[in-house]
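The two complexes that follow have chain A in common; it is paired with chain B in the first and with chain C in the second.
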Partner chain A sequence: MSALITPELVLLDVEVPDRGTVTRLLAQRLQAAGRVTDLDGFLADVRAREELMPTGLPGGIGIPHCRSAHVTVPTLGFARVPSGVDFGAEDGPATLVFLIAAPEGGGQEHLTILATLARKLIHQSFRDALMAADKPSDVVDLVSKEVAA
Partner chain B sequence: MKLVAVTSCPTGIAHTYMAAEALEQAGRAAGHDIQVETQGAAGATPLPPEVIAAADAVIFAVDVEVRDRQRFAGKPTVQVSVKKAISDAPGIIEQAVEEARSAPATVTSGAPAPADPFGATGPALASKVTDGAGTATRVRQWLMTGVSYMIPFVAAGGILIALGFMIAQVAAGKEGVVLVTQVDPATLANNFDVTSGLQWAALLFWIGKYAFAFLVPALAGFIAFAIADRPGIVPGFVGGWISANLVGAGFLGGIAAGFIGGFIALWLVRRPVPRALRPIMPVVVIPLVSTLLTGAVMILVLGRPLKWVSDELTKGLNNMNGANLILLGVILGLMMAFDMGGPVNKVAYTFATTGLEAVGTATDATQLKVMAAVMAAGMTPPLGMALATVLRPKLFTDAERENGVAAWLLGASFITEGAIPFAAGDPLRVIPSLMLGSAVTGGMVMGFGSTLRAPHGGLWVTPLIGGILPYLLAIVIGTVITAFAVTALKGSRSAKQSEVAQDALVAA
Partner chain C sequence: MIVTLTPNPSLDRTLQLAHLVRGGVNRAEGSRIDPGGKGVNVSRALARHGVKTVSVLPLGGPDGNVLADLLAAAGVEVRRVPVNGNTRTNITVAEPDGTTTKLNEPGPLLSVGEVADLATAVLEIADPGRWVVACGSVPLGVGHDFYAGLIGPLHARGARVAVDSSGDALRAVLAGGPRGDVPDLVKPNLEELSEAVGRPLHTLGEVVDAAGDLLSRGVGAVLASLGADGAVLVTADGARYGSARVDHPRSTVGAGDALLAGYLCEVAESPAADPDGDPRTPPDVRALSAALAWGAAATGLPGSRMPTPDDVAVIAVTLHDGIDPGHRLQAPPR
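After this line comes the complex of A and B, so read on.
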């Protein structure tokens, strides 16, 4: 089973004008890693979910996500945006952006891993650690440790 | 305080779990015991029924419909969007605690209050007890759910009809019971005469009849409800109506309609559907497709064989003219009790009333004896069950015992349907008992040669019965036989106390 996240899927300290841009940047990394087959199709699916209700959450979190036929393996993309990017949360822009991609069919095991990850996002300590990460591999280690625990 | 929650979002991979985590954290931080069911893409593990039963309050943090929401019926509930649960879990926990405090104490006791009409949805809860509950138990829980919703229709309709008969007899003499059935309900609507006792009687009679028209649909609808939750109601009701009215399959057909409608709806609910279709599934697609399929099965598949059975039975009865009269009485008795308003019962009853039309003014014709036998055999099923609930109350659920009280009156009024709630809940033990008692009564009445020239009325047409004493004796004997047979059959099962306890829960 391939890892949920790899260093190539982590963007530390990017500046973007809007959520569409950061989502596209992350999605391109996913495509380059062979985890997304059709970039535009995938982005359309993410946008469709985002239109249902913005995925911004209090505490500077944005979690664009979808289940899509264009995803081959459950994947987490992560971007840190120090100046923030609006994800529609009431308390302001998001500095931590998680792009969660799940295949349409989705094996039970994979979905359970994503579920565990989602639960971790609630924890302030997890967020703080992500804010403090120095390099992409730190983020990967953090996620792997938390999701495995 | 004990709390339970359900979280659910459109995609089912992120918010569902974040909300669950947030609620669990906030709940524990505030010192509460909280369990969360995540209805997400990774599948949902249903909360154990006992956990739900013990909960003081329920939190729904959902953006899509809660699956099997009926499990939580009657609990103090807080419903919020899934996002709200993530951003303000402590506030929602507080709100749920408030709800629990302000709710009546009975609700938190675990079992739904008996007077609560939704208490009868307990079986929806109980029917989910897949772990530990065998197929037979679940089937019985489904049946009992249908029965518990049907009983009020039987009681209201049956008692109104019986009261109509009584008033008719007082108002219009010994032919009153026959006359009341001949008053056109349109007359009541257009030209009601408040001074006419017969019209008052007809008013009660017809309202009772209309209440009875819902008996089989309610049975079928709520069996399907127990199986499939709310999506089962429409196909069940429609299938039940078709059974009772179009194809004349009676309550047995209604049970079939309930199972067919319930399982079709359940199957549809469990279909994976594209997200775009999801919002219209519960309001348009599932009702439409399930009702079409259930109705089609009832009309196209059941219709013809039932008609064949009716035709063959009628032919058989006609050929028996001149044969042994006691045997004819026994057979008519068996038929009357078999399905109580269903095709077999109708053949026997129609055979009798058709004979009545042919007989003219003769006073000792065989047809009059047939009518007497048919009516007597149609009275013993409710009477026998009523007697059984008095003899061995422990063998019956609360709802059945209450129905037993009404069953005395219904039986005395030749409203055979009074026994349906008992038969629908436990057909394999009850129906043979009813048939045995009715067969004996039917045979005895034919043997004694009692006569009757009214098609309906039960004890209220006593003045129209020739040879009344042996007639009543036959009814008493049939009643006692049915009561003993059913208590013996049910008693052999009651050793399994757990099942009885479960039934009590179901009917509560």
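After this line comes the complex of A and C, so read on.
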């Protein structure tokens, strides 16, 4: 089974004008890794979910996600956006963005990943560690540890 | 980890409208959807505090999928019990003058097999020492004795049981299941407590007496939420009363659920002694304080939004040294 997140799926310190841009940057990485087959089709699915309810969480978090026929394997992408990008959270823009992609017809696994991640991101220590990570592999280690736990 | 059971969850859609015209075409100016249901709210509040929680839900149809997704994004794990019917949508029409109109679906009719699946799902994750919280009304097809019948099997697995319900379901729970098992905790509001003991309650003294009646039936603890008056916790160790001030109340929707979540978070998740606190502070006092703070924080937030640790931290809680039995309670807001 492929790892949920790899260093190629981590973007540290990007500047973007809006949530669509950061989602597209991450989705391109997923596509390059062979995890997303149709970029625009996948992005349309993410947008549809985002329109249902914004995915911003308190504490500077955005978790765009979807189940999509254009996804081959459950995947997490991560982007750090120091100046923030709006994901509709009540307390302001997101600096930590996780893109969660799940194949259509998969089990409940991606919901467990999503729930675990959303809950762990409440903890300031986890957010601080993500903010302080020096390189993509540090993020992979941090996330793998928290989501597997 | 805390398990919640919501037999009749909903997808709550709020439509903002300038002015609702009955019989006319009304165009909404904005809308939002939220997961709905008392147990669902308890889980959402816990997850907002980083507490692991699993919400056991009968889900069916496209709205069932949406509900599961929204809960996951809120940090709540869902133990899904697939049902043939469709998960219900409740609609609230909110007008700028504060008028709200609610249109609630009854929810799906569960088959005998689906009700059995729901019970099995709860029992499967009820490990020793774990709290299982059964909340809200029961849907069509589910007997009023559903919660009452779960208590014995849950206790047999070593789980602790809390019930937050009303009417016939609460009465059945308090009457004891087939083996006479009653919950470790019940969280009635004033109206539900009054209904449970069959007499009106106007004062704190009457509330404490009513809670005492429930304890005499074997209930472990009664956490009675009294709206703006605060809350009373009655256990074998005695009765405690506290209140919390909210400067700008916005919505009492879900406040009782947040209160219950705060209590459970303290009794289930905190280490035996708080290293920063006074080691002599009894667990009851800490749990009541948490309940009051979470509940009050929720009333300061719009809709059914659940409080974060930051929202809770700013709430000033007062625990009263004694209980004035003659203290008259405010009538619950209508």
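Here is the rule we go by: the second predicted complex is superposed on the first by the 136 of 149 C-alpha atoms of A that agree within 3 Å, B and C clash if a C-alpha of one lies under 4 Å from a C-alpha of the other, contacts with A are read in each partner's own complex, and residues count from 1 in each chain.
In the analysis below, a contact is a pair of C-beta atoms (placed from the backbone, for glycine too) under 8 Å apart; a residue touches a chain by one contact, two chains touch by 3 or more.
Here the structure is a predicted model, which is why all the values come from computation and not from measurement.
> Check whether A:T55 is in contact with chain B, with chain C, with both or with neither, and answer first, second, both or neither.
A:T55: touches chain B and chain C.
> Touching A:R47 in the superposition: chain B (first), chain C (second), both, neither?
A:R47 contacts neither chain B nor chain C.
> For A:I63 in the superposed arrangement: first (chain B), second (chain C), both or neither?
both
> According to the stated criteria, A:A102 is in contact with first (chain B), second (chain C), both, or neither; which is it?
first
> Check whether A:I122 is in contact with chain B, with chain C, with both or with neither, and answer first, second, both or neither.
The answer is both, since A:I122 touches chain B and chain C.
> Is A:L114 contacted by the first partner chain B, the second partner chain C, both or neither?
Both chain B and chain C are touched by A:L114.
> Would you please give the residues of chain A that touch chain B in one complex and also touch chain C in the other complex?
Touching chain B and chain C on chain A: residues 49, 52-53, 55, 57-58, 63, 65, 90, 108, 111-112, 114-116, 118-123.
> If you look only at chain B, which of its residues touch chain A in the complex?
Residues 10-18, 20-22, 25, 38, 40-43, 63, 83, 86-87, 275 of chain B touch chain A in their complex.
> So in the complex, the part of chain C that touches chain A is made up of which residues?
32-34, 47-52, 66, 68-78, 80, 305, 308-310
> Which residues of chain A touch chain B once you look at their complex with the stated criterion?
So the residues of chain A touching chain B come out as 48-49, 52-53, 55, 57-58, 63, 65-67, 90, 100, 102, 106, 108, 111-112, 114-116, 118-123.
> How about chain A: which of its residues touch chain C in the complex?
Chain A residues touching chain C: 49, 52-53, 55, 57-59, 63, 65, 90, 108, 111-112, 114-116, 118-123.
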